[in-house]
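Would you mind keeping the following structure in view while I ask a few things?
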Amino acid sequence: MVIGRGRETGANGRGFCYHYASGTALPVPADESRACPRPPSGSFLEVMPRMIHMRNVSKYYVEDKPALVDVDVEIQSGEFVFIVGHSGSGKSTLIRLLLRELLPTTGEIVIAGQDVIRMKSWKVPYLRRNIGCVFQDFKLLPNKTAYENIAFALEVIGKSRHVIRTQVPEVLRLVGLEDKIDSYPDELSGGEQQRVSIARAFVNRPPLLLADEPTGNLDPQTSLGIMKLLERINKTGTTVLIATHDREMVDTMRQRVIALEGGRMIRDQDRGVYGYVD
Amino acid sequence: MVIGRGRETGANGRGFCYHYASGTALPVPADESRACPRPPSGSFLEVMPRMIHMRNVSKYYVEDKPALVDVDVEIQSGEFVFIVGHSGSGKSTLIRLLLRELLPTTGEIVIAGQDVIRMKSWKVPYLRRNIGCVFQDFKLLPNKTAYENIAFALEVIGKSRHVIRTQVPEVLRLVGLEDKIDSYPDELSGGEQQRVSIARAFVNRPPLLLADEPTGNLDPQTSLGIMKLLERINKTGTTVLIATHDREMVDTMRQRVIALEGGRMIRDQDRGVYGYVD
Amino acid sequence: MSINLGYFIRESVVNFRRNWVLSLGAVITIYLSLLLVGVSLATSVVVTNIVKSVEEKVSIQIFIKDGANSSDVTSLQNAVAKDDLVKSVRYISKEEALRIFKEQTMKESPEIVEQLEDNPLPASLDVELKDPRNVEQMVVKIKANPDFLKVCDRPDKPEESLKYSEQTVKKLFALTNIVRVVLAAFIGMLAVVSLIFINNAIRLAIYARRKEIGIMRLVGAGNWFIRTPFLLEGVIQSLIGAALAIATLGVVRAALMPRIGEALPFLPMSVNTTASLQISAVLVVSGVLIGLVGAAFALRRYLKV
Amino acid sequence: MSINLGYFIRESVVNFRRNWVLSLGAVITIYLSLLLVGVSLATSVVVTNIVKSVEEKVSIQIFIKDGANSSDVTSLQNAVAKDDLVKSVRYISKEEALRIFKEQTMKESPEIVEQLEDNPLPASLDVELKDPRNVEQMVVKIKANPDFLKVCDRPDKPEESLKYSEQTVKKLFALTNIVRVVLAAFIGMLAVVSLIFINNAIRLAIYARRKEIGIMRLVGAGNWFIRTPFLLEGVIQSLIGAALAIATLGVVRAALMPRIGEALPFLPMSVNTTASLQISAVLVVSGVLIGLVGAAFALRRYLKV
């Protein structure tokens, strides 16, 4: 329950260049400045005005029963968007399409100018390194500790051990897990695992952050802390897309809301609310 | 989104002896009556006035950092209890102790008159067959379809194929998954998996139902349907214990609430609320 | 709890089909292991045949002095023929001995034999034994026979009148014993190796499904409820593996054996039908046993409550 | 992307330790497979030695007529000795021939030789070849030598004057060829079997970790980033397996070989140090190769993007 604490400690400037760890810009030490430009120069995903473009996207896992039908979504760089919908309405499917975990049955998907569907398969890892993703089922590596799980995301993009050793504890602190650094996933509670997954998603400060139900296993207070953190991350320019059921959170944040129902987009509303009063 | 529908269909009495599938008692067909007595005669867990008794229970996974400290809980047969608390406060640990997935470091646990700690290991399966449990991470068998996963819980207790073939589709319908009967867990959305887990927990109508975060992956409307279902199950005499973060649900239901904080019981309140306004 | 046999069988078959990577792995392991065992069993059959055919050639020759009383010879022959150890006794006259000598030993320079003025070779009794291992024992018996001293060609040195190529016999037995020991060791080694392989495969299979097993536990499944499908699956895999191994050996026997036989006509290389049926039976039984035992051991390790 | 070698090595070692069930399984598989390969290689070395020692006994005899001109004989001897195929030529006089005949062929009844009035055996030249396989070729060469017709003991039928136990040689070569083919087939079979076992073990290991691999994918790890630790792990396992196999073979060689040698003094059963070093090298190299290739194949199947 230390999201607040984490934020404050972040603010007293340990020399770590997490811009969104505090409201004020921190002095960036010389040896770190190369490692932490945001947006990364020469990034795979250039900063384009249009971050996500989906047109006429449909996904049929099995014939007859589509998981997504004719979805058109345009998301600009720097937006903060909620995706809401009943269980089974296609939220996770949409996120998995953006991560190219799946290919759509029809339609086109362009992320930051890159055609995701026609992308060469060797390029896919580079796409994914520029998208942070919080998975609904966490997807932590069971043989790695919390620290190693997060470090892995940095090792993949070839960060130096020095950078890893400073950044990983910092993000773990931001999600309130500084004392669980060496725990394996099966030694963590559900909410703790979810927070490790969140930390992994933004540790390499990707231009695009996808989160599938990031607070499903968290109590309201911790959820709020995570949401505030995501908002801060968004403020530094990261595009954030969150699939969620958390009515309270959606209603509090008053951001753009896209609603799905049976795979169809039924609502796209700026400064929206969760909807469905029952 | 068919919890409502499920309930209604349940009420038009297909000859299935789910007492809690409808508000009114159903006529029980002769050939089913033997298979469906509630409480089961000669059940392993006798219906005792005191269902759960925990005294001085502490659990240390590692030294110094206890997950539970000196917890005393008394739950009578037929009660409906919420356990709330921050992420990592020990809710899942408490449930795993009741299921004897873990043994406590100190203290005593008695369920329906059975000493869980000194229980012979060959008796443990019989204990578990009388406790339905919804796990936070679902724990569905990946090689079995939704149908087979639920059927498994009945096969374990030696139910006939006939009973299985009528009851399994019925409970799947109650949680709104009648059209996902033959889907494997990785073909189901997060919420659908959670509902399969819920269906499995109550399909053999256990005297005690434990649920760890049963609506974490469900939208508010589906959550409410599930809660209503759990309430009906409780009305038929089943003791229900739910660990949850869903403030809305706890506040609506107005049932007994036990709050944990850092492994200690800090509140035990009849007709309580979630608490912690922030 | 009513035990649901149908459930277990269905379960094992379904598991077998769904986890085909694991199943295939186990089947391949068992198949190869049993194939190795089968090959070595067949080899041992062949070698035993060869050894037998060589052993059969071991016989005792009793040399008879020229002009021995023929009734004495007959009585010796009868006495020896009646012995339990003896298979047959054959009288070889001087003339026959010379002919054999000329045809076999002197085949390449028969002119030497023609130079001989008179026949230097003695007549003899050729004693063939039921089991050549008893040769020493039989020699003692013959020496003890009173007729022997009467007819033998060197009464002063009776042992010179008996020929049974002592050394050849000893060497041969040394060799066949070594061959037997080596083969037994080899088969033993292969059996152990196969057992380790199979245990290993099952261990990996259970390791790969440890989560599943844990979940079954938590839903209230008892030890045997969890174990039985694994055991049955092990048996199914073993049976398939054994069937494949037997089929392969059958093909090899049908296709290769005759050719080897042609190439090596002087060695009896055949494995007869009885032997190959026995080998098949051994493979099936040991396959199933190994499967069961391996699965049981592996399960013991991972399936404590 | 800066490639982080340290990361890969750390990763493989850590994986190796954490997934010890899988690692142990793979090590055992590789160990046993290589042990089988090693045993058959050693067997082939021993058999080759035995075959060589038998082959060395093959020689050509040239029979010389009584009273041949001794300078002709010497010139024939010199001509043959100079040939590239020939290792040595030895002159055996009539007297020596009779002595050898008496001592070797007639060992058991030397009295027959003593009955002979004059020496029926011819003198001869004994030609030993460098490679007994060239015997036919050498025979042709000798026949073409002009001195040969002058000195040979049957100028009418020159082929009768040359003895090289045609049949024995042919039989021997048939046998040694069969032994070689059988051994090669056996080693080939074991190699294939080992490869399948190892591929299988790696496939199971990857199957057991398929979720992990999927997660790595989703976090943006490239093919080689995922593959390298698996490959390195495969190599580590192979090396451990090979080391164990070599150690076992070494122990067997030190402990068992001398005893077998004692029991069978007439067979050259030793495996010399060079050969055993070569076998060790083969095991290490093939172990690593098999590990790499097996892992690569298995990864190919499961590691498409």
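We call the chains A, B, C and D, going by the order they appear; numbering starts again at 1 in every chain.
Heads up, the rule we're going with is that a contact is a pair of C-beta atoms (placed from the backbone, for glycine too) under 8 Å apart; a residue touches a chain by one contact, two chains touch by 3 or more.
Since the model is a prediction, treat every value here as computed from it, not as a measurement.
Shared contact partners of subunit A and subunit C, listed by label, are B, D.
In this assembly, the chain whose C-alpha centre lies farthest from subunit A is C. Separating the centre of subunit B from that of subunit D, both taken as means of CA atoms, is a distance of 70 Å.
Centre-to-centre spacing of subunit A and subunit D amounts to 64 Å, using the average Cα coordinate of each chain. Distance between subunit C and subunit D, defined via averaged C-alpha coordinates, is recorded as 26 Å. For subunit B, the set of residues touching two or more other chains is empty. Multi-chain contact residues of subunit D (touching two or more other chains): none found.
With chains as nodes and touching pairs as edges, the resulting graph is a single ring in which every chain has exactly two contacts.
Inter-chain contacts occur between A-B, A-D, B-C, C-D.
Taken together, the subunit B residues at the contact with subunit C in this complex read 99, 101, 121-122, 124-131, 133, 135, 139-143, 152-153, 155-158, 160-161, 200. By the touch rule above, subunit D contacts subunit C in their complex via residues 21-22, 25, 28-29, 32, 35-36, 39, 105, 108-109, 111-112, 115-117, 120-121, 163, 171, 174-175, 178, 189, 193, 196-197, 200-201, 203-205, 207-208, 260, 263-264, 266. Against subunit A, the residues of subunit D that register as touching in their complex are 1-4, 6-7, 15, 18-19, 211-212, 215-223, 225, 304-305. Chain contact summary for the complex, subunit B toward subunit A: residues 1, 61, 65, 84-88, 92-93, 136-137, 179, 187, 189-192, 194-195, 212-213, 216-224, 245, 247-248, 274, 276, 278.
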